[in-house]
Structure formats: C-alpha cells, structure tokens
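In what comes next, chain A is part of two complexes: it sits with chain B in the first one and with chain C in the second one.
Then we have the complex of A and B:
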C-alpha cells in the first residue's frame, strides 16, 4: 500500500513536470518570430529598389515582402547566416549592408586604412621637419645679422627719418 | 631618391583610387543599354525550371520585359504583353521573356496567375540581367532584332497592344 502510494506520487510529480515542460518546448519550436527578430536581420540588408534605406526602415511593398520572407524563414528555423546567404543568392551582394570581404570588395576596407595610415605618416614627417627646422630659424634670429642683410633696412629707415625731418621743418 | 619613391607611390595610389572611383561613378551614371547596341547575352531560368539563353535566339525577335509584382506601373501592360505574345506565337520567330526584378517568388507567381501570363518568366537571380541591361526601374522593355541588336527601349509601360506591335512588326517586315 505504501509502495503504491509512493509510486502514484512519483507518477503525479512526473506528470506535472511533463506538463510544465511540454508547452515550453512546443512554443520554442513553433513560435512566431517577433518584429525585433525580423528587424535584427532586416537592418543588415538593403533592398536594391530603395537605395540607402535599410530593409528594417523601408516602407515599400518590395521591402514588406522581403521582411515577410525573413519571417517565414525564421519560422522554418533558418539561421541569420542562412537567411543572408539566401538573399545574396537571390539578389546579389549589393543587398548586404557590409560588402563581403572578398575580391574587389577588399578596397572598401583597405583604402580608408591606407589613407589614414598615409595621412599619419605625412603628419609625423611634417612634425619632424618642423622640429629640425625650428632651431635653425632661432639661431638665425639670434645670430648677429650681417651688414649686407641690414643694408636695405638701413636705407629704408634713413629715408623715413629724412621724410620725418622734412615734415617737421615744413 | 627615397623621398621621390615615396611621392611616386603616394601619387600612384591616389591616381589608382581616383580611377576606381571614376569607373564606379561612370558605371552608376550610365543609362540603359541603348538602341543600336548589341544586347548583353544572358541566361534566364524560368520559374518552371526551363533555361533560355538570349544568344540561342539569333534569328528571332526577342522582347525582354523587366517587371515585378510590387510594381503598380507594370500591371496595366501585363495583359497587353500576354496578348501580344499570343498574337506572335504561331509565327515561331518572336520570343517574349519576362524578367522578374527584385521580387519574391510567391508574389511573382501570384502575379503571373492573376494576369494569366504564359510566356517564359523567371527571377533575375543576383540582379545580373538587370545590371547587364543597366535598367533604372520597372517596367522597362527591350526589343531585340534577329541580329541581337536593340531596336526599341521602352521606359515605363506600353500603352496598348498596338503600341507593342508597332515595335515588333517593322522587324518582321509586316
């Protein structure tokens, strides 16, 4: 009797556990993807019809249809990568927000870096030149000016002084 | 010498970059392939799985129509195109091909059923055909003569069956 009670209690507990688990797993398998799930993928795609508008923000019929496809594929259990590959196969690389890293597309990634690095090198060299040139300039200023270099200046001052003298007399 | 090489390298890089940008810009600003030009060859796999290669139809007049189910402007000409296809079908030397641009298959098939279109239609996979013809939108239609030369470019829909026939009849000496 005691054994029977124990067994029925065990069965009851198992049944409760099973009921608790089943709806969860059923929901996980057949659950409809949310708008957020769809948009998480849609924002990485661009429809060629509406250039420069990501799919999650585009309101045209074509984009609505595309989002419908993403929803259907997610419901079927497709992964994000599989869905993106499907879109590339159907509509080409240009649907991707980030061009795939291959072939000519590498330019998109490399050129800005090269320009940035080149600019850095030019700046560095420029600063270095300034550093080396500056002391020479200072030394020129400090060193006694030669009589030859002052000659035009002296002439100019003499002329100004003469002019002033004339005016004060007049 | 080292300094000169650096400058030559920088200048070369800049010229290369400008060249790439220029080519890209030129391509993006080019219009459709025009009248008198050789039509780009392409392969269309229809929704029912048949393959059509344009170059296989030298000797025939080929009408290539770009459309999409989401395109409202494509709808008015859909029935006229089907009527024109039926009109020329008995001759056997005029081929109509529908290229479905940036579309989804269920909606495209529903469109074909709605307008009872029977001539070959297929998706423009990876938008290769539309890029080759450099279309700017849909509908756009290209009429190609027996030598593969484009003789008519229709931007926007045809207005009537007669409008379509007026682009094909002269090629058939009608």
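Then we have the complex of A and C:
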C-alpha cells in the first residue's frame, strides 16, 4: 500500500514536471523560428501547384504562404514530423520529396533494386560463360577454318576491312 | 505574305520528304537507280526548303508582326532583337520547327558524303531519316503551326492559318513576350545544343536501321556514323551542361541539377548514348556485342522521342513545361511505331548479329567497359522508373506522389563511384587479355600518389567518409591518367631520342582516340569534384536584414549595403541589392543579386550575385525586400564548395570530345600500279 502511494506520488510529480516543461520548451522553440528553421522543413516539401520545385526555392505566392504556415506551426511548437504530417493530411503524399514507404509505393524502391540485381546476375553469368568458352576458343584459333563458316568472300572482305582500319588509324 | 511563304515552304518540304521516302523504297525494291538518285536529291532539298520557313518566321518575329499567333505569344516590342531571334525556340510551335530544321540540316548533310561502297545503305538511310523528319513537319503543319494567325469569330478568338467562317483577323499591337526564365544568355545556346544532340542521333539510328534491313553484319555503319555520333554526344553533353549552368544562374535555388522530369528526359538519351559510344568501342576492336550496340542506338533514338513526348505534351509537368499541347496521341503512335519496327527488325536479325569472339578476362578492357555500360543502363532504368512512377501510381491507386532528388541521388552516388573506379582501371587495361598482375604493376604508383586524396581531406578535418572516398577516387583517376600520359611519352622519348614535348605531341597524335578519351575522363573527374563539393558540403542560410546588417555563412560575412529599385528601357523593373562579401574583417568582393520583373510577361526572374573561386562559391539571392521599411531585405545565401570545378571539368570534357571528333587528315590512296616516270 505504502509502495503504491509512493509510486503514484512519483508519477504525479513527474507529470507536473512534464506539464511545466512542455509549454516552456514549446515557447523556447517557437519563440522566434528563423528563416533557416523554416527552410530546413520547406526543403523537404513540394507544393502541388509548382510541381518539382522544392518549397524553399519556390517564389510563388502559394509557396510563400506555405512557408508562412510552417513558421506559424513552428512557433506553436510543432515538430518537423508533425508539420510534414499536417501537409500530407491536407494535400496528400505528393507534398513529400519521396513516396512514403508503404503499400504500392514500395514498388518505386524495389523495382530498381530488382533490376540491378537482375543485371548483376546476368553480368556474372555472362562472365562465367565467357570464361568457360576460353579454351575452346583458343583451340578454334589453331584449327583450320571450316569452309562453311569462313567463305572466301568473307575472308576477302575481312582483309579489306582490316586494311582500311589500319589506314584510318594512320 | 511572309507567313504564306513560310507555311507554303513547310508544306512543300513535307511533300518532298514523303516523295523522297517513296522514291527511295521504290528504287530499292525495283532496283532502279534513278529513283534512288531522285530520293537523294529530295533529301538534299529539305534543308534549303525549311530554311525558307525558318527565315520567314524569324522575319515575322523581328518585324513585330503580332497578327501571327506564335509571334504574339513569345515576342514583344520591348524585347531586344537577339531575344526576338531566340524566341524562335521559346514556344512549342517554333521549337518544333527549329527541331525539324536542324534535323533537315543533318539529313541534307548526309547526302553530301561520298557513298562509294555503301550504296546499298542509301535508300534505307534516306527512308528512315526522311520519315523522322516528315513526322516532325506533320506536327507543325497539322497541330502546331507557327504561322497561324489570330481571328475573331462569333465563338471567340481562334488561331488558324486561313480565315475560319465569319472570322475577322486581329492585329494585336504588342505580344505577351518571352517567358522571363528564357531571357538569360544561357538560353540562347542551351536549347539549340540540346536539340542538336537530340536530332543528330537520328543519323546513326538511320544507318543502323539501314544496316539491319540489308542484313549487313559488319561494323561499317558504326564507322560511317562515328563522327556523327560523337558530335551528337558532344551537343547533348553541352546541352546538359549549359542547362545546368542556366539553372545555377537563373532558377535561384543554389544548385545546378534538380532531378526535374525534363532534366531527366534529357539525361536518359545521354546515358544510353554514352553506353552506346562505349559498347561501339568493343564492337570495333573485338567484333563483339553487335546486338547490344543495336539495342543501345535504338534505345537512344527512342529515348529522344520519349523524352520529347514526356515533356512537350504535358504528360509530365515540370519547370520546363513552357510548351504543352495536344500532340500527345500522335507522338505516342510514332514512338510505338519506331520502337516496334526497329525492335522487330532487330529480333529478325538477332542471330546474324551473334559475335564470334569471346570474352577472355575479367580485367580486359571489354569486360570493364561492359560493367560501365551496365552501370549507365542501371542509372537509365532508375531515371525512367522514377519519372514514370508518379503517373503509374496515379493510374493504379489514384494517389499522386512526388519522386524527388533523394530517390535519384541514392542511386546516382554509388553509380558515379562505380564509374570512377572503372575509370581508374580502364585506361591501363588492355583488350582481350589482361591479368590482375599486369594491372597491379601499372596501378601501384598512381595508387600511392592518390593516397594524397585521402590524406589532404583528413588533414583538413573532414570526417564525412563517403566524401573522403570520393576525393580519393578522384585523385586516383587523375593520377592514373597523368601517369599514362607521362609513361607513354617517356617510352617514345627513349626510343626515338626526341624531346619531351615532341614525344608528347607525337604520342598524342598517334593515339588521338585514346588520349581524347583520357581528356574526357579527366573532365568527368573534375566535374565529379564539383558535384562532391556541392552535394556533400553545401550550406545555406537565410535572413531578413536592414541596410548595414549582415549574415554569416561558412567563413564569410555578407553585409547588405543598399538596394535600388528602377525601371529599364527594355520594360523591366529591377530591384538590385549591393552587398559586400567579407572575410577576416576585410571586404573581398561586392555582389549585386537582383530580381527582374518583366512587365510584358508579368514574370519575375531571380539573378544571384556569385563570387566564384576554385575553392568555393558564395552565392547570394535577393528573396524579398520592402521599399519603405526598416526591415530591409531578405537574402538567401549559399556556400557551394568546389562547384567551379564542375564548370572547368565541363570545358575539359568538351575539349576532349572536340579532340576526338576532329576530322582525320585523309591519307591519300596511291594505286599500286601507278606509272612511275623513269628517266632514260
């Protein structure tokens, strides 16, 4: 019983302390947000009107108003995440620089990875194949050319090509 | 009258192009040489014909004939003559005509070459290039006619070439003027370069197709088109670089590249074109990857079309969407047609393009180049996916999303790193057979030198490890390339007992291709230095300060001295601030960031004040100001370390490409059985 009382008293004190600190911290943070504080958040946002221009660099009136909103929210003590969530709630996911990682949006991140992995595997397999062909290739060089694969005409054209190649190299 | 001449000439060009295609194909099918010769004449004619159209439109612009809808849309009386000329490509209709004109220039120029033993390719080269040209002229004639006039009809204002029923022609006294962002000197040259790059890839593509149709498996088409490809690549690169510079100077966000859809649309053909240029090397030297080079040239040509479609039809919105219209469906149909027909042709010839040679070593030049090609294609796929995803998401889920810089940067950074590593090894690798041991022998010296690239940043107190690695790679590539230059010169000097300079020049001349590649790679590395500087170490601050007030950033202090607001004779309202840049208590520079407001187009343009040195750029933007207020003005200041190297590197890069493209001295062929005069 005594213990319980002690615990509740401790909880009560910390709650009071928390309440005392919170507005204080909000006031400290929100007292005077600088342009840099505003831009730090604006940089990560895109307004739906001026697509593809980050909010901090956009000169339109709409974007100026948005920056005003960020400033107000900051002085009210909102955190960066809260402000971003606010804009997402108001205007949708498109205000964020990247699609949030959920549901269908995962595709945007996964597809390039899959293609890279696929490309890597193809390249690796290709290299392996080329390597294994090596001795065969060497032996082919020594063996006489078969009449089927090397027609006399081809050989002639190849020689002419070779000569021209040498000439063009100077 | 002049508009009639311009439009008439446009229509004649279309007819001549279609005739040329018909004559070429008929001549080929029916084996009639006269038809093919006639088609050749037709192809030669398209450029002078379109020049008449271009001159007509230019005349209309310069002489302020605002009854022509396009002129009133992009020009105004107050604009200086040079801007009236550049307004030619400031809107959709004009830029399409300009595009067609450049393409006509290239196609006509192709007919001037000596065909000698490539006679069999002519008909198809003509057919493919004239078909592309005809498509663009169709866009101009039926959808985006730059010679349309303005009419008032009972239903309202319409633009049409000839009088609609009940229409009265309107003669506006002035035009709306060119988009403010396009009034920058950079804009005079950026779009033409970009377009030149785009259209000139049509020529290698036409040769590739002709080669496929004829079933030729040799690399002749590559040899013929090598200069064309290099020029195309040079123009495309310059277009990108100038675009970046323009963005840095005008768009006022302190950066040079914003991963905007149009930038990506221009980057994509550059990536595939770069991959193509490298794959071609392997085909030329080793006769390998014929299928790959075909895929890459088809991809490059189609990416040019796709890029144009994405940005010019309003499919994607971006800062570059100055011009949007209803040409979407026909554009899409043309892209589908070219893509399907060229890929179909490639599949049909697939087996004949198989190479006989095989790869023999991981460290051979061809193996390294293939890895570079795969990396470039990886970036290409990522870019394409990033650009398309917002549309796909909208279609599937109905939710619009933005795919912005962080997405692309995450992929671009490691790919650039990978490419730098290859640039370290590749100049030292040899074709077909190379061993790690051989490479190691050549690499150890430059490696030791490159350690300075780690030591210096660490000594300067840098702790950002990706940046330290990047600096090291840059130093390594530089060291390898410099070492190669020195090594080869020294060998020649020893062998031929020549002076350093003459040995260097001779070595250079003999291996111009290899050395130009080295210069290009050194340029790329310098650019990488600039990119690393700005991407890793850019800092910024913004503040509203009164006159005499200051802002601190990095080791600099910016002091706001005064602000003047005035009108200029060319109808601008200029707000121009005078700020001084101070370091260690001393004034080191004076900058004039300003904001121009164009009365005719009603648009502002922000021009930063920049102090640029090899070490860093101090970049000041005038964001806002109050004329009658003690508050003063709002400035945004960026500190961009090393960014100047991006531009210097770009020049070196361009120099390298020019060296590579420079025509060879033609060696005269002397017949072996020529008569020799013998004195008796």
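The rule we apply is simple: the second predicted complex is superposed on the first by the 113 of 170 C-alpha atoms of A that agree within 3 Å, B and C clash if a C-alpha of one lies under 4 Å from a C-alpha of the other, contacts with A are read in each partner's own complex, and residues count from 1 in each chain.
The rule is short, and it goes like this: a contact is a pair of C-beta atoms (placed from the backbone, for glycine too) under 8 Å apart; a residue touches a chain by one contact, two chains touch by 3 or more.
Just so we're clear, the structure is a prediction, and the values are computed from it rather than from any experiment.
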Touching partner for A:92 - first (chain B), second (chain C), both, neither: both
Touching partner for A:32 - first (chain B), second (chain C), both, neither: neither
Touching partner for A:69 - first (chain B), second (chain C), both, neither: first
Which of chain B and chain C A:111 touches, first, second, both or neither: both
Partner chain(s) touched by A:157 [first = chain B, second = chain C, both, neither]: second
More chain A residues in contact [chain B versus chain C]: C
Partner chain in contact with A:61 - chain B first, chain C second, else both or neither: first
Touched partner set for A:47, first chain B, second chain C, both or neither: first
Chain B versus chain C as contact partner of A:119, first or second or both or neither: second
Overlapping contact positions on chain A, where the chain C interface meets the chain B interface: 48, 92-94, 107, 111
Of chain A, residues touching chain C in the complex: 34-36, 39, 46, 48, 51-54, 56-57, 59, 92-99, 103-105, 107-108, 111-112, 115-116, 119, 123, 126-127, 130-131, 133-134, 137, 157, 161, 167-168, 170
Complex contact set, residues of chain B against chain A: 10, 13, 17, 20, 68-70, 102-104, 107, 123, 125-128, 131
In the complex, chain A residues that touch chain B: 47-49, 60-62, 65-66, 68-69, 88-94, 107, 111, 114, 118
Complex contact set, residues of chain C against chain A: 218, 220, 223, 251-254, 258, 260-261, 317-319, 357-360, 362, 367, 370-371, 374, 377-378, 381-382, 385-386, 389-390, 392-393, 396-397, 399-407, 411, 510, 540-544, 604, 606, 623, 634, 636, 664-665, 667, 669
